[in-house]
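This is the structure I want to talk about, given as structure tokens.
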Amino acid sequence: MADISDKRGIERRGRVLTGSAVALVVVLVCTLIFMVCSRGLATFLTDGVPLSSFLGGTSWNPHQNDASGVPLVGALPMIAGSFAVTLLSCALALPFALGASLFVVDVAPSFGRRVFRPMIELLVGIPSVVFGLVGLSVVVPWTRSWAGGTGYGILSSSIVLAFMILPTVTSLATDAIAAVPDSYRDGSYGLGCTRWQTIVHVEVPSAMPGILTAVIMGMTRAFGEALAVQMIIGNAAQLPQGLLTPAATLTSVLTMGMGNEAMSTVYNDVLWSLALVLLAMSLVFILLVHLVGRMGAVRNG
Amino acid sequence: MNDDATLLTQEVTVTYSGHEALHPTSLDFAPGTVSALIGPSGCGKSTFLRSINLMNREIPGCVIGGRVIWHGENVNVADADVYRLRTQIGMVFQQPNPFRKSIYENIAFALRRHGITNRSELDEQVERSLRAAAIWDEVKDKLKESAYALSGGQQQRLCIARTLALGPEVVLMDEPCSALDPIATFAIEDTIHDMASKGICVVIVTHNMEQAARVSDNTAYFLLGEMVEYGPTGQIFSAPKDQRLDDYLTGRFG
Amino acid sequence: MGSEKTTATATFHATRSTAAARTHDRVATGVLAAIVGLILLALVAIIGYIVISGLGKLFDWSFLTAKPEQFKEGGGIGPEIFNSFYLLVLTLLISLPISLGAAIFLTQYAPEGPVTNVAKTAIETLSSLPSIVVGLFGMLVFVLSCGWGFSILSGALALTMFNIPILVRVIQQALEAVPRDQRDAALALGLTRWEACVHVLVPAAMPAIVTGVILSAGRVFGEAAALIYTAGQSAPTLDWSAPITSLANPLNVMRPAETLAVHIWKINSEGVVPDLAAVSAGTAAVLMVSILAFNIIARVVGRSLQRRMTAE
């Protein structure tokens, strides 16, 4: 029979091997966070740009300096743009996602499993550049046709983003609604309620934490989307003046600016500050998901 | 009893995340005997069984207290050789769980992992253990086929063969017949008698009192995590000393 | 459980006019069905639009093999197709072992405790990061600090970071779906957790793992934001006879390599290609067809592996 030291050696080697894989991933993530932070904070710490004029300033023209010699790096237009497309795309996607989830769970489960779910998975597979392309060739002209103007802007971007986040929100909302215990539904039906009444008064309230999570995950995806948005938003770094004028998001400005600037200029540093804002928002979204999860766990006992 | 080959448990406890599921239990098991552990669901008999081969350690947050004396030494220590221990103390589970491999591979797999690679030796061991589990004649022509093609009773006997292949001195059985029909059950009870007659100590958890009466020499009654009474099977069933055991036997509860 | 009581009371009041309630129910069901119908219709329309508008170029062999043109018509995507597949293979080769190791560690060695929590948070963070941030990090570290410049290596490493959270989740789920007593049986025979995992659990989880890996390949194949500033936007002409160190050799991992997805973005942002619309549509169609193929292959292979394993 094999020697004990063989077995212990096998176990130890296995643990070390797999443990180093995990360690590698953790190190990578920490390095990433560290580098984005250190480069992003350089804007404020070494270049002397005040945080307030970055977060609150509305002029984005990094090659120019303002009266006090500080570069014009107001990021408010992009921050506003990012939030605008995120919120609008979620608002557009949510009714459809929720409606589809309710249909798939309550009305036609086998259709949902065999047809709808696989097809929605296909939507996930469409690359963001392709969404951007379809947006350019279909959505932008359509917007232009009834609203005038260029057709670029927050509305067109939000429509395309809504399609992009639809699968995420739908599948999470479906899981949330499917997780509502049948006993809740049976209780409602037992009182003579119709299916719709059960949905509105019992299912949706009960699945609310899960639905909120679905929305937050959709927002995460929308906030971080770069290429599709950059192709359709019009790339004008000004405060959004409406849904139909060209605007910019954090991701779109980042995409366009990153390749051009040499290292260690203020422009380059400030682009990293934009990346830092993106990173910070990702972490905020993760935190929100955990909070919602904990609230849901407390509520459901 | 100071016999080296006896399996002794002394004040064994099992704690899950601070909650004691098994209270201090001390039982002795002699080679060649069959001991049954009976009691209602959740009484701790399976938990106790899984302490003997330290399987409970694989559950996160589970701590085994007390001493398990095997070959004169306490094996419930941090640096115990669980790997060798488990080749000497084997286990058969409630649901037949053959590997998703061929019948031959199910048995050869563990042998190979323990250093036996010679083909003819493997063939010999496979045949020997399949015969010991009384299933050789049924499968000798389809050793290369998937174990999942077998019936439930055959799969369980394959699992017994898999355990016997390592030459254990003790075989722990956790309700091995509860998923099987009566005919398969009797086949396995025959195998248990056979193992005992070859000197193997068998400890079997069962919720079936008739089975306990049929196969075992000694019986222990567990209730709510406590070992209530232990003694020769005949005496346990005809003249129980503890009132709780008497209630169980007469069906007053459980 | 208190909420159950109050909602029940609320619904009791609502049931007083049952005829109205039944009409509401029917209308609502109709609306829900319409929503699902609209979504499916839109989906078919989008995919149909992509494939059909690129149909001309899709079957044009010279388009599929020629190199791209900057200011002339008739450019192709030959190098881009190769680059996309080469990057995919490299990414899988690097990310698969790392993800497998991480998934095994998380399921076998540290199911609970502080170590696992740190690891899980790290992976969750990585999966929530916008891919443009991953690309920027890749640019900073691989392209600039390591001095590799825009290269396949930089791109593959950036894609690896993007792919690891996906694969770890897939493999973890696949391993956890294997019944517990398979692992118990192996451990009870005196085997180590490592042996139980490698020789029993992983083979049993193989159909799900393979399906998941092929599906993730589809995601990687279409990714562009992480590649624009790591693998770059230029596609040197490929020459199989060139020495391995030259930029023209297709297998040289230190050369820049524009992929199909990046190509679409680049030509639309530069706008100097005369037949921009046709080239974009053709490239998008090729991308889409490849990804659909990955999806189909994933399910077919997964199902046949599953059948072979259980019907043996």
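Residue numbering begins at 1 within each chain, and the chains themselves are lettered A, B and C in the order written.
Throughout what follows, contacts are C-beta pairs under 8 Å (C-beta built on N, C-alpha and C of every residue); 3 or more make two chains touch, one makes a residue touch a chain.
Remember, predicted model here, so these are calculated numbers, not experimental data.
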item	value
Label of the chain whose CA centroid is most distant from the centroid of subunit B	A
Maximum inter-chain contact count - chain pair	A-C
Innermost chain by mean C-alpha position	C
Separation of subunit A from subunit B, taking each centre as the mean of its C-alpha atoms, in whole Å	53
Averaged-CA centre spacing for the pair subunit C and subunit A, given as whole angstrom	17
Computed distance of Cα centres, subunit C from subunit B, in Å	47
Where subunit C touches two or more other chains at once, by residue number	190, 192-193, 195
Contacts with two or more other chains, residues of subunit B listed in rising order	83-84, 87, 113-114
Shared-contact residues (touching 2 or more other chains) in subunit A	7
Residue numbers on subunit C that touch subunit B, as the complex places them	111-112, 179, 181-193, 195, 199-200, 203-204, 309-312
Residues of subunit B touching subunit C in the complex	53, 55, 58, 60-61, 82-87, 90-91, 93, 95, 97-100, 102, 109-110, 113-114, 145-146, 148-149, 159, 162-163, 166
Subunit A - residues contacting subunit C, complex	7, 10-11, 13-15, 17-22, 24-26, 28-33, 35-36, 39, 95-96, 99-100, 102-104, 107, 115-116, 119-130, 132-134, 136-138, 163, 166, 184, 187-188, 191-199, 201-202, 205-206, 220, 223-227, 230-231, 251, 254-256, 258-259, 263, 272, 275, 278-279, 282-283, 285-286, 299, 301
Complex interface listing, subunit C residues touching subunit A	1, 3-4, 7-8, 10-12, 14-15, 18, 21-22, 24-25, 28-29, 31-33, 35-36, 38-40, 42-43, 46-47, 49-50, 53, 97-102, 104-106, 108-109, 115, 118-119, 122-126, 128-134, 136-137, 139-141, 144, 161, 164, 168, 190, 192-195, 197-198, 218-219, 221-225, 228-229, 261-262, 264-265, 268-269, 277, 280-281, 284, 287-288, 291-292, 294-295
